[in-house]
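Labels for the chains are A, B, C and D, by order of writing; each one numbers its residues from 1.
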């Protein structure tokens, strides 16, 4: 089989730069496609660091100016792993140069930015995708399959939370490498764009559109030393956010996220209650799915803890044998694999920029609701 | 030791009538007090049934009209286990006759009714108590102790839910014995007064007052056969309710309750996240408390599953030996024991009618918020 | 309905005396029978203590010499809650006086003693029962029902453990009240008779007879202060015991018990693996049963955590409502209820002395195997 | 930094061939060393298949005769991933050619074979290692650290099990690719060498030497179709094996393994009970460690569920961020990393062939004990 190259230009070498690079390196040992990844170039500002990164991950070359990277002829796809404040500019430039664009989530800082990005890739007609990786956790994809098979019946409730505890210390600074998520200018928002965006993306995928929301946000630590200004500055992000939601299918949603939930590192959880069955999942044990089916014989009915490692479960035929779990990073491998197979078939692979823009609009409604203390409809301009 | 009798008159022989009777029967084998329970009379409308109940539970006599019971000279305390729509009338009459009044929760259908009940018992100067029994689960009382010992530090989050699934079937009727909880006239509200009232009572006890709320409610099944009218009638109760809250201590609250969460029978859960430590509990494993302490050595830090059965844990010195769990009904025994010991000392035992009225006011704000889709302050007229 | 009295004479007022008394006091409020318990007399050596006990639990009278109790005309059934070294003598005397005999487990210190006890009650023709109470845990009875319904298919494995940690401290003395379980003269053996006897009784009930065993025992603390002699004495009991077993149905068994398993208070667990399904249970969460059914759809197959609180589960129609758990003490109530209903029907209720003697014979084979380090057949003289 | 190549020749392209190749491909992106892996050659019998494997995993060349591979001058280390019956021959030949030898577990079919392999690598003076990968699960390495820090105190108990259910179907054949584990000639033994060998390796590492054992084995399905002979043949392996053990440190051990435990895919568990603390782990949730410390404050004492994903936990600083779990395959990456770093320092990395031979000797004693139904001492000829 002859394969076509997909030449990647990666921008950003932080945590996500590593996670994506790892996915690119691994995909072809486990998944088949007519396309084969070539790691052509990686870009970051600091020459020494980006050179070391390129060497470690096997990129052929490196750049220190993303504008040069997006203009290179030997790049097919630009992968944006930079902080949120540069997503728009890079994506627009990449699309203008006819590149496919893969963008780390959230799509943008605001719905307005997101709208420009959607327009850019759609006008350019380039394949595009946003890295809402948790969809591709085998257990989460299995949840989607069970819903598609109509096992749950009418849906009554959807609840999700994403709980962390890493910003409780008051002397943690904001801004700069590793801490831009605390800086409103760089991140756009706090937990809403960083964590709830994941919850919302999954919810939209599993349970359909959200019509309206009522939210509250809080910033527990009001000011922090800012690494970029060198001064103590007000904190502009939301440390915590919770909201009520109504879905178009008539079900009720509750969502909560915080970085002040002592004892939880990255506890993303969701639960769906349907007429006949319920599903629950959490990221701390991502290889399991909890399932309850009311149609079971009444005396042996109970929540089933499914160890999602068998070969008939999503993606798992590609990995090891039953009982042997995979981890966080594999969700990115699955996303690359699906993207490549989409290219094989000439088909769009979700979530596209347009899909991710719907999440952006929910986030926008949430933040506005928290600000003016009223219910907000979610813009439905898909 | 000579003991003084506390002569009980119980009104209502349903589920709660049984639970209270059981508590009265057991308390003196396990707890010491200067007062001893005497089961003097029980009242229910159907003569045969109430006679059978009296025989089974050891009441000396029975009545079929509660007005006669509250007027009897040989009764010290009236215990109200009837549906919510009669709490006010009975309590007022009992207080007027100088009886102590013990009332099953919720105190009343509305805050207005509750206010009259508080006034009645306080004007009469009679001891009074509401059966928010879950406070006396050993694990919950332990949670309170840990909070009082300031182990958690500043509180950031409180979340609670009470999930059931018993009303999903559309052909379940409303109204009458066993089903009055679905009848708005009898119950006042649906899950808000029945289930969230428990969550709110515990929250107020553990985390202090709630300032304001934003709520949504839903009635999934819009009409049901009514057992009293014999016709299909609109359903007036809330099948589900969720609300956001702000506590006076600055923490954020999220609350949710429903009878449409497939797979959950009586899953009351709460979690509190503090600066240093977090606590979680659930009613389906009520003999355990989950505790996370960030001050633990970092490499062995994790959520601790405390099996609350040791003799240095609340109430547990009275029961069996470490490892052997107690159950639901014991929470009522503890409440009776505490009430008796309060009489011994001449002290009020919480939750009094006044304490329970605060829960009533939160419920009122929740229901009003859901109705007019806006944030509501909780009346703070304690 | 007229009811016949069953006049109880209880001997022993320790932990088990309380547990049995509690069961007697509660049974008729929850279970129906033609027989009604009357607590006629209780016996213990210390007059003040036994008088207090009689008052607390409602016994009509008390004795300080068990021989007087077993001879009283107004006693129908003698309940033996004394240390193991007096079971034989009391049971034989009670049977000789024509009393029904209920005996706390283990039946005896040795199989030889047990055989005499079986002979005594069978020659006297009196109803008899041994308090292996865990059979009547609803989850354990449910396990038996599932096995009887042939849901598991051919059985391959049975494993059980009973882990405690209360004797690790070297300065814990042996002998006397509360500590006779550490005294070989009083107890007969250590964990084998005290804890493994429970595991064996359940195993025989659920999985049939055991043919042969290979065991090891250990006494970790070789000498302890003896409360009766006042001197440091060698410890004669087994602190820990583990054994391999072959059942008559061809399945393999592994059993282990210890009082040196730090972190476990009374962790009795068992698991049964069959061709089609498996079952697991543990005493620390006694209201749950774990069930795995291989016939489930493969993508939603997992261990089911059954919350054994619904009304179609064993005994649970008598208690509260779904979701509300019962505890340890209820197992004794169930045993009394079954005994009474057995009297109603004129039928034997298991485990009889003869049933319990089979456990005794397994224990004997285990201890002998540990002593001479070889496989031992279990005497099959039923 | 200049790095030295470590040129790998891999023999065997089954499940383990994949797992090792994956480790080789990934190690240098996450771990630093002066040595860098070069995948020089891979060997398997079928030309087309091995060519495809070489292409997929990035080997420079392939062979179909392992004798040619072990003689190649451009190979530094031979990695043996073939069925057990060829370990001896290949290892001896590789050592004779001066190659380092990495051998998949178990070392050999018998202790006699193992002894020859130890002699071969030691006489040749070549670095050698056996892939008991579970030692390098971060949670298991953390367990070792806690033991080394003497947190547990005197050890009383060690228990381990490895439960699977994949051979229950009677029509599953034996022999040949993927099924050689059921063929005694190829595997040497059944669950003892395949599964208990893992349990024993970990036990020796965590708890020291085993002195003696008493075992039982069973073959539930007595004959199966044999893929190599084409006929129904007797099954020569042990389907299940359980044994009692005494460790040199005075603690008691219980071990069990089976492929007939319905509901368990690869449930390797161990638990260690010490005077002060206990540890438990299982492979189905390999990213967690359970820890109980009796020195905790008594009212908040409980089993701690440690989510082993923080950067101060073994190996985890190399991967992602707290809360994000790794999986099965990472244990092999860790083993390669440790081997490379051992080469950097000129030090032996455990488990060597000699270390693995101790496991072999325990297995031998176990199988002999099961055969002659008596306790067997473990040969201690290290």
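Heads up, the rule we're going with is that a contact is a pair of C-beta atoms (placed from the backbone, for glycine too) under 8 Å apart; a residue touches a chain by one contact, two chains touch by 3 or more.
Please read all numbers here as calculations on a predicted model, not as lab measurements.
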item	value
Most distant chain from chain C by Cα centroid	A
Pair sharing more residue contacts (C-beta pairs) when B-C is set against B-D	B-C
Geometric centre distance via CA averages, chain D-chain B, whole Å	55
Whole-Å gap between the CA centroids of chain A and chain B	42
Chain centre separation (chain B, chain C; CA means) in Å	36
Multi-partner residues of chain D (at least 2 other chains)	264, 303, 307, 310
Touching residues (chain side chain D, partner chain C) in the complex	156-157, 159, 163, 165, 168, 214-216, 218, 220, 240, 242-244, 246, 250, 252, 254, 256, 258, 260-264, 273-278, 292, 294, 303, 373-375
In the complex, chain A residues that touch chain C	142, 145-146, 151, 288-289, 291, 293, 296, 298-307, 310, 312-313
Interfacial residue positions of chain B with respect to chain C in the complex	15, 19, 21-22, 25-26, 28-29, 56-57, 164, 166, 264-267, 283-287, 307, 309-310, 319-330
